[in-house]
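Here come two complexes built around chain A, the first alongside chain B, the second alongside chain C.
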Partner chain A sequence: MNNIKIKSKNLNVYYGEKQALYDVNLDLNEKEVTALIGPSGCGKSTFIRCINRMNDVIDICKVTGNIEMDGIEINDKDLDVVSLRERVGMVFQKPNPFPKSIYDNVSYGPKIHGKGESKNELDEIVEHSLKKAALWEEVKDRLEEPGTSLSGGQQQRLCIARAISVNPEVILMDEPCSALDPIATAKIEELIDELKKTYTIVIVTHSMAQAVRVSQKTGFFHLGKLIEVGKTEKIFKNPDNKMTQDYITGRFG
Partner chain B sequence: MSNEHTVKSYEEELQFLKDSLINMGSLTESQLTDSMDAIIKVDKDSIDKIIKSDEKINKFRSKIDSQIMNLLVKRAPMAIDLRETISSLKISQDLERIGDLSKSNAKKVKPLPLDLPDELLGNLKRLGELVIKQLNDVLDSYVNKNYNKAKDVWEKDEQVDDLTYIAMESVIDFLSKDKKNLDFSTHLIFATKNLERAGDHVTNIAETVCYLIKGEYLKGSRPKGKVVQDN
Partner chain C sequence: MNFVLIFLITIFSLSLFFYGRSKTKSISIEKNIKLKALPKFYGYYLVLWCSIPALVFLLVWSLFEPIIIKTIIIETAANQGAIFDDKNEANLIYEKIKAIHLGTYFGDIDLILKESALSYAKFINLFTNSKVVLIFGIIISSVIYALNKIKNNNKARDDVERILKGLLFVSSLIAILTTLGIIFSLLFESIKFFSVINVFDYLFGTNWSPQRAFVRDASSITAEEYEDLKDAFGFIPLIAGTSFIAFIAMLVAVPVGLFSGIYMAEYASSKVRKFSKPIIEILAGIPTVVYGFFAALTVGPFFRQFGESLGLTVSSESALAAGLIMGIMIIPYVSSLSDDVINSVPQSLRDGSYAVGATKSETIKQVVIPAALPGIIGSVLLAVSRAIGETMIVVMAAGLAANLTINPLESTTTITTQIVMILVGDQEFDSPKTQSAFALGLTLFIATLILNYIAQRAVKKYREKYD
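Up next is the complex of A and B:
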């Protein structure tokens, strides 16, 4: 069993009057993939947005309870959010490369975080990140072309390279394959398998099959509550909770 | 029981699969009963009918196979649905084997003399009745998703083994009295062994039903009777 990287205790999130998460207690293990599943609006994205304090940008959002990374409270007002986001990268549903070159997309993060002072160092970071994102071979001769000129799947891998470039510890993925075709999806899944050796990964997905394929642990959310969490194999073969079973078998009414 | 699937045709496909398996089960049970009757009554006229019914059982097996392939491809079943689908595959294989063994036993009726003594067939008859009861019970446990009933069947395989041993002894005893009995006694020994094997397939089904219901395998090794321990 790997160490716990992130631990939430009685985590509650409110968007104004509306409560989006109710007392979520969830441990995410280091160098493991945790999949979060559940119907739309169940709180899974809200949960991962707590990990890198993305909810801060929403004025009416209030977070109570605890969420710790390596024992340090993420929700602490005095925490340096910029350095938190250096440690916790994020990849979104739709690939969103900056309107810049492939090279600049990857080097942007290290530059603003003060990494890679010389051109050589930056070159190295870009090459390393693109290689880790399994994109290097496809783009090494066209690094100056705009990131947006790549195919959807390549753009998503570029976004993963961008996330990796600042050497994070955790990568959050919010439905990273929902806009991709099966081949591009397979490449991202293969990549996730590789990345979990280095990073702690949390993936939100609507595809049960994807959750089974990529994750070691799965959490099922419903109406803001974490209904069941356990080993992925157990959740999909023989879940304890009837609601989990109804959801994964397509019986949700 | 769970709610119905949002996709109605998925619900129907799973129900068709269960129905096919139940029909295959009841056909297998009748065939086993018929083959047992044929031996006890040395009824040579029923042999062809039993052989024909085995073809029907085999057809059910192919039909169930293709239903399962379709479900796996179309629905990628999960949790209870996955267990239901995979269990159907395993149970249909065991039923088909029981069908084969019944057919094999029916064929053994041909060389039997019409005047077999009662004391020779009594133990074989008891064994046959027990295996038929076991099959009936395990199918019942499948239909009603009754875990305890399936587990009872699993535990009772020990009795099947013990009765097999006793039935074998009586055939061997009969054989040792007069070597002229050698030819048909050999057939009866094989028929006895076939019944014991059919009992093993029933036990397999019981294990599958337990897994289907609880999602975990029965712990510990199977209860073993005398015939198995001696082997």
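Up next is the complex of A and C:
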């Protein structure tokens, strides 16, 4: 059993009047993949956006309760959000490379954090990140081309490389494969398997099969509540909760 | 008379709408047949048939009636012994006859003119009466035709569609023809100008003083006279003045407009946006002549006093005052256009940037602005073409002397100001001085056309990327 990296206690999220999360208590283990499943609008994405405080971007969003990473309170308004996000990277549902070159897409993060003073260092970071994202072989000869010229799957791996480039400890993935075809999906899943050796990964997915394939731990959300959480094997083979059973067998959702 | 006719036609066709609608309804019930279109289409059909032919006829008649009457009157006057040498004198006599008819002529009235005036009155009467008769004839025959069609249960819907399509086509045709007309009128007058003044003398001359060519017949200029005229129409000082003032305007408008656009799009809460955006847009609604007052009466003198207190010579009509006010006028264009482009940069790009730990200003500087750049450039170019074409502010605040200077405190002039100066008042239309206005207009038109084209290309390129 790995150490607990992130721990949420009685986490509530409100969008204006509407409550999106109810008292979520969820522990995420270090260097492990945790999958979050559940029907659309159940709060999975809202939950992972609490981990890197992306909800700050939304004016009407209010978060109460606790969420700790390595014992430090994330949901503290005096926390330095910039350095938090340096430690917690994120990959989005739709590939969103910047309209810049492949190289600039990856070097963007290190540059703004003042990493890679010299061109050489920066080159190294870019190469390292692209290799980790299993994209290096495909793009090493065309780093100056715009990131948007890549295929969808390559773009998503570029976004993973961008997330890796600042050397985070946690990577959040919000349905990273929902816009990709099966082959590109398989590549990303393979990559996730590789990445979990270094990073703590949280993945939101709508694909039960994907959750089974990539994760060690699974949490099932419904209507803003965490219904059940446990080892992936157990959740899918022998869940305690009737609702979980119904969802994974496709009776609703 | 015409208004009464138009009013009658309108009333009549509107009542036909209701008639046609109820009539077809009752026919379909009576004979128990299925109509080929909704009853209201038969109403529309009658309205269109009743109004369009009559209105078109009225328009054509009103266009040609004065010309025909004039020809007839002049001819009869000539037959009665009125003497005139050329067209201008004939026109004069015709105007006299009209004035006598209206009772507004207070000179000696000779017999011939008096008789002509009587026959003029007769013709006017005759034409008006026949106009009314013909229009009613047209209305009656076209309505009978349309009613017949309706009785046979025609496909009124298709016919209405076809007529409407024709109307829309004619409207766009009018717009296109007007554009062409403007271009050609500019072109022909400019060609006249360039047949006297060499294109290169115009484009590269450094002296602009068209008053030198005030009264001179363009068709008979000798080589000597041309030597004198050659350097009266130098374009360089005008384009320099225009670009200079536009440059000062952009120095004001681009930073202020762009920054306020960024603030509105990225920082302002929806509350602030709601009341501040309309206020900025009010700036765009102020008539330019009001900006002109402000520039000429407030800002210009202020600069002069301020400059004098520093020991500088400042002309009260300065490029600086005009450019500054023009810049303020343009701010809303830059700000609301760049606000729009920045808003249409997808949120996912911002999220991607925040997610690697970038701050808001880093995100704006390195992701949002580069992504929106083509659109921003487009909005700036549109603003430049407004600045170049702006007239009133520079007429009032920039001065008239064509100085070739880069001192913003001196007065300078622009293309548009000179066009106004040349064409104000009565002008001899075959003097090179007057024609030069058209050459200036053409040059200005081409310049803004090119700018607009580039701007639209830039905006389009941007759209393709994110839609």
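The working rule: the second predicted complex is superposed on the first by the 252 of 253 C-alpha atoms of A that agree within 3 Å, B and C clash if a C-alpha of one lies under 4 Å from a C-alpha of the other, contacts with A are read in each partner's own complex, and residues count from 1 in each chain.
By definition in this document, contacts are C-beta pairs under 8 Å (C-beta built on N, C-alpha and C of every residue); 3 or more make two chains touch, one makes a residue touch a chain.
Since the structure is predicted, the reported quantities are computational estimates derived from the model, not experimental observations.
On the superposed chain A, the positions of chain B and chain C stay apart, so the two partners fit side by side. Of the two partner chains, chain B is the only one that A:236 touches; chain C does not reach it. Residue contacts after overlaying the shared chain place A:248 against chain B, while chain C stays out of touching range.
In the superposition on chain A, contact of A:92 is made with chain C only, not with chain B.
Judged by the touch definition given at the top, the superposed model places A:163 against chain C, while chain B stays out of reach. In the superposed pair of complexes, A:176 makes contact with neither chain B nor chain C. Which of chain B and chain C touches more residues of chain A is settled by the count: it is C. Judged by the touch definition given at the top, the superposed model places A:208 against chain B, while chain C stays out of reach.
Once both structures are fitted onto chain A, a short way to say it is that chain B and chain C open up an angle of 130° at chain A, using Cα centres and rounding to the nearest 10. Residue contacts after overlaying the shared chain place A:113 against chain C, while chain B stays out of touching range.
Between chain B and chain C in the chain A overlay, the least Cα distance found is 33 Å. In the superposition on chain A, the residues of chain A contacted by chain B and by chain C do not overlap at all. On the side of chain A, the complex with chain C involves touching residues 52, 54, 57, 59, 82-86, 89-90, 92, 94, 96-100, 108-109, 112-113, 148, 159, 162-163, 165-166. Here chain A touches chain B in the complex through residues 208-209, 236-239, 242, 244-246, 248-253, going by the rule given at the top.
Chain B meets chain A in the complex at residues 2-7, 10, 75-83, 214-216.
On the chain C side of its complex with chain A, the touching residues are 269-270, 346, 348-359, 362, 366-367, 370-371, 465.
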